[in-house]
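A short worksheet on the structure shown next.
Chain naming follows the written order as A, B, C and D, and within any one chain the residues start at number 1.
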Amino acid sequence: MSKKVAILTSGGDAPGMNACIRAIVLVCERSGFDVLGYLHGYNGLLKQQYRELDARQMHNLTQRGGTILHSARCLEFKTDESARLAAANLDELGVTTLFVIGGDGSFRGAQHLGNFWDGQIIGLPGTIDNDIVGTDATIGYFTAIETAVQSVDKVRDTADAFERVFLVEVMGRHAGFLGLNGALASASDYVILPELFENEEKTLKDILTQLNERRDQRGNVSYIIILAENLWPGGIADLVSKLEQRTETEVRPVILGHVQRGGSPVSQDRLLAMKLGAHAATLIGKPITGIMVGEQNGQAVEVPLPLTWEHSKPLDDLSVNTMTLLMNNRYA
Amino acid sequence: MSKKVAILTSGGDAPGMNACIRAIVLVCERSGFDVLGYLHGYNGLLKQQYRELDARQMHNLTQRGGTILHSARCLEFKTDESARLAAANLDELGVTTLFVIGGDGSFRGAQHLGNFWDGQIIGLPGTIDNDIVGTDATIGYFTAIETAVQSVDKVRDTADAFERVFLVEVMGRHAGFLGLNGALASASDYVILPELFENEEKTLKDILTQLNERRDQRGNVSYIIILAENLWPGGIADLVSKLEQRTETEVRPVILGHVQRGGSPVSQDRLLAMKLGAHAATLIGKPITGIMVGEQNGQAVEVPLPLTWEHSKPLDDLSVNTMTLLMNNRYA
Amino acid sequence: MSKKVAILTSGGDAPGMNACIRAIVLVCERSGFDVLGYLHGYNGLLKQQYRELDARQMHNLTQRGGTILHSARCLEFKTDESARLAAANLDELGVTTLFVIGGDGSFRGAQHLGNFWDGQIIGLPGTIDNDIVGTDATIGYFTAIETAVQSVDKVRDTADAFERVFLVEVMGRHAGFLGLNGALASASDYVILPELFENEEKTLKDILTQLNERRDQRGNVSYIIILAENLWPGGIADLVSKLEQRTETEVRPVILGHVQRGGSPVSQDRLLAMKLGAHAATLIGKPITGIMVGEQNGQAVEVPLPLTWEHSKPLDDLSVNTMTLLMNNRYA
Amino acid sequence: MSKKVAILTSGGDAPGMNACIRAIVLVCERSGFDVLGYLHGYNGLLKQQYRELDARQMHNLTQRGGTILHSARCLEFKTDESARLAAANLDELGVTTLFVIGGDGSFRGAQHLGNFWDGQIIGLPGTIDNDIVGTDATIGYFTAIETAVQSVDKVRDTADAFERVFLVEVMGRHAGFLGLNGALASASDYVILPELFENEEKTLKDILTQLNERRDQRGNVSYIIILAENLWPGGIADLVSKLEQRTETEVRPVILGHVQRGGSPVSQDRLLAMKLGAHAATLIGKPITGIMVGEQNGQAVEVPLPLTWEHSKPLDDLSVNTMTLLMNNRYA
């Protein structure tokens, strides 16, 4: 009898989710498993909305952003009733393994479902935020950095032409990975991150000191500040106005927004998605469940789902040290 | 005796300004003219800040965004005193031809200067807005469309994944070229342009009608609206909130902002910049001044400066017809 | 009774063909016409292989390279027998208008079919070569320039690092449009085009003169030559070896090849494809047939098919003049 | 007294070399060291050709491909006489630390110099091939993958349109990293790598088997094969002709060539270059020499130079396993 497995994508979409779906489907097809894809995240699981997936449909999919299974929030999935309904739906179709591609909210949903369902549950880290413990990187993170960096590269053209201060807001609500690496790779001058933020006054003073010393040395210069979203108390407009007052310069805000979520995945996201997806599909039927497949030091690893969110993931020392040496100081 | 010519870039920077500078310098060098570049737009002309330009420095410049001569606003250039000072500065250096690369404000400055200076003044249309009469396109316009379109391509990934409404604000204060072509080329669903805007209520109704019919036919769908900046009375936040009320759907705003000004120029901007720049440099010493060099129907043309701003440039019929057939209606 | 129309793509694929298909389908759907797409060019017409096309399938298609209808050569379509079979097949399905998207070979096929079929035939110029008379540009041409230029931008990094001579072969069998504009926009140093090629010896001498003068002035320099394919008598390897002998320098060849055909269409190709496709669809049922829809000076035009291939399309003067001023000479 | 350090780039250029130079210079400037850059690799060291480097020149450099210090081969550097001359030149200028950015040939040169010079020698891995032991990745490798993958994405458009077989040759003379990851990330169908190549006959049979099964299942399909350069005994033309004979299909070759070396570095290369460069600059004056700074598992490490070339670097298991699951088999 052929085994049946299901996939869903949940939470914010991330470039590479489709490459991950493809990897799972290809490995399943060679192993003789049927695959179906639930639509709209957990909503499809509750409403029994799905489509069958086969290798043929996976052609030309790797390079596409977004997710062909669609995603959506599903607040009601927190209830026991919902989880029971989902379990019944999975059983009705004969699904024995469920792959959940998403972030920490999606993994909490998966863990909750595991309390009511006997099938195998395997998570795959898909989020641009890289805020999942247990994997060095998450699917979509590399593309989001690239998009942010290419945007800042463009902003720099105008910043240089006008020798102006720009403030660029990047995504990363609770985690500074995207901000830190986006700022470094774009050779920005200053970065304001949740992990390193002390208070408004100190930040403003730091910026002022650096900017003034730079101007003393080199005359008028462009100056680019990266700001993680939702971090500055009064919002980006408040920071713009405070900087304008203190620098007596025009400061222009740029909010990268949802552009950062989309786009054809860069190679590193495609590769991560394929490695994790293919490995995850080889776990079907093994006595392991309630885990996320991640990559650590070049190896595929299995991590119990709760470990992925119990602690917050720290910025890596090497990147922080590099930032300290190259940014946020007058020598940059 | 060798002739001396000067170049300045003024107004908002636009991709391709450097390619235009290079073309002028290369042709001047082969003709035996010396070239200097004033810095920071008209400010450099007032402060006699300039650098010498030669072919060697032009290497590897074509593909760079921004302007190596820097740009800046110069409000005081409107006075007669400033224009007289500029004329004296030009004469002091022996400059006999001045090239001004910029938009309509820059051309007004050039015309004003012409009232006080006997030298030859040649304008080149450099602005992402394409709002200059007398040339089919302006330097920087093609790149700005490309940047907007690539951003919307990315936004669509998320819009499709979540079947959500997105509202994307593009530049183009008074002219809808960037909005119209950006919306068409990105296969957006609706566009709100200064040239075609009647009132808020009509626009909202149009959108609602189209969106509802689309949903009736196809179920939930993504829906992308392009909005020209500074057009909607209450700003983009007001439109978001009105759309959310009426559609009972989440509507996400994306403001492309200054990212649209920068970036390596696409080929069509490089080519336009080179054609206009090279042609302009062949006019040195000819009895023609106070003109802009533009491209019309594949030919280089010379247009008196005042004609470039006296009337506003209309959207072309073919694009508007195409929009009518493909967008802003329920069949899109 | 609902009218039925058909589309096919033929000849080399070109970026923007899908955007053109979409435009035709959207306009047809709003006009109440059914649309089918023949597969594999004229082969599908002979074998009655087709798929139905509707607006829903057109979603997310604009930005995709290639053609969803596939393309192929079809040598046997030259026979009368084939054209009669095609006519019978079209009649069998009740097709009254056929759109052919392709190059001059495809248009000859369309014209041939017209001798045997009473239906309406409308051609759309889809080829990266831009070698179709009656339209300022062809669908796919702008993207091919962009791809060539971005490749040369990359080659220049190495050329500059090693101060080396590179020879880059671009497509454009009989027409130099891609070569000329690719060379200009990439700020290459020399270009060898079918329209301007005299003989090997003259070309070699020109290059040597320019290169030596450049070296005298600036010391070792990088030097990039663009070569149109199939032009140099002994092939690119022969030119490399002759240049190495005469320059006593390493010369590296780069053959861009099929990479130039693919890729997401740039905005200008999307826009051209949409304008022509939408306009073409408004011609359905009008007493006009055997024509190509093109764009001239910003207007949609209808051109009898034979006029598109009877004469070869000349390079435009402005581009050639710009080349003369900026390239192929020692001042570049 | 201020310390003086020197940098050179040697061997094939790689995207990110400039970002690495910038990182070293910024850290040196804050530490009060003077920095000079030797030109043209070891040739500049022999001819005492160099330029002074300061933070100001580093502006806007991170995103540029190639190397501002130029590179070149230097065969004569193998002699003792050359190394002695280089040592004398370094001493003459008072250089106490030399940074060498390059591949294994450059590191052998550095090691050789160390036999004749008492100063500190620090290598940084800059090569697109990733064939350096002691670091997880090399500077330039990520960009080269991206370039290869984007090229294959474009080739696929034509391959799909014509349902044709394409053979794409990528760089990587002795190491399959670029081929393996380029093939995986581009969702190619088959890859021929030095590490896994057995013989011609087996490879041809494998391809034929997979291609025929694919055609049996799905009808005509596109099929993309990645080939590492210099691997197939008779060259790519021989493989094309053998495949055409056996598949009775047209097979088109694409040689990516030098395009792979250039281009603005992707974020991962910029980040790696900055981390390694900044860390290397903190080692100045420490009692450690004759080492390469690499990154392993997210940490900066110092590896004795001979260890970087004594053994060949194996492909990582996870990538090879993923390849086995997703490519080179009939289920792909």
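Couple of notes before you dig in:
Please note the rule applied: a residue touches a chain if its C-beta (ideal position, glycine included) is under 8 Å from a C-beta of that chain, and two chains touch if they have at least 3 such contacts.
In UniProt terms, the chains line up like this: A, B, C, D = 6-phosphofructokinase.
Bear in mind the structure is a predicted one, so any value in this text is a computation, not a measurement.
Counting hops only between chains that touch, chain B reaches chain D in a minimum of 2. Between the Cα centres of chain A and chain D there is a gap of 28 Å. The distance from the centre of chain C to the centre of chain D, with each centre set as the mean of the Cα atoms, comes to 34 Å.
Inter-chain spacing, taken between the CA centroids of chain A and chain C, is 39 Å. Shown for chain B are the residues that touch two or more other chains, namely 153, 156, 160. Pairs of chains meeting the touch criterion are A-B, A-D, B-C, C-D.
Against chain A, in their complex, chain D makes its touches with residues 19, 22-23, 26-27, 29-30, 55-56, 59-63, 136, 142, 145-146, 149, 153, 156, 160, 181-182, 184-187, 217-218, 221, 264, 266-268, 270-271, 274-275, 278-279, 281-282, 295, 297-300, 316-319, 321-322, 325-326, 329, 331-332. Contact residues of chain B toward chain A in the complex are 9, 12-13, 15, 40, 64-67, 70-72, 147, 151, 153-158, 160-163, 166, 252-263.
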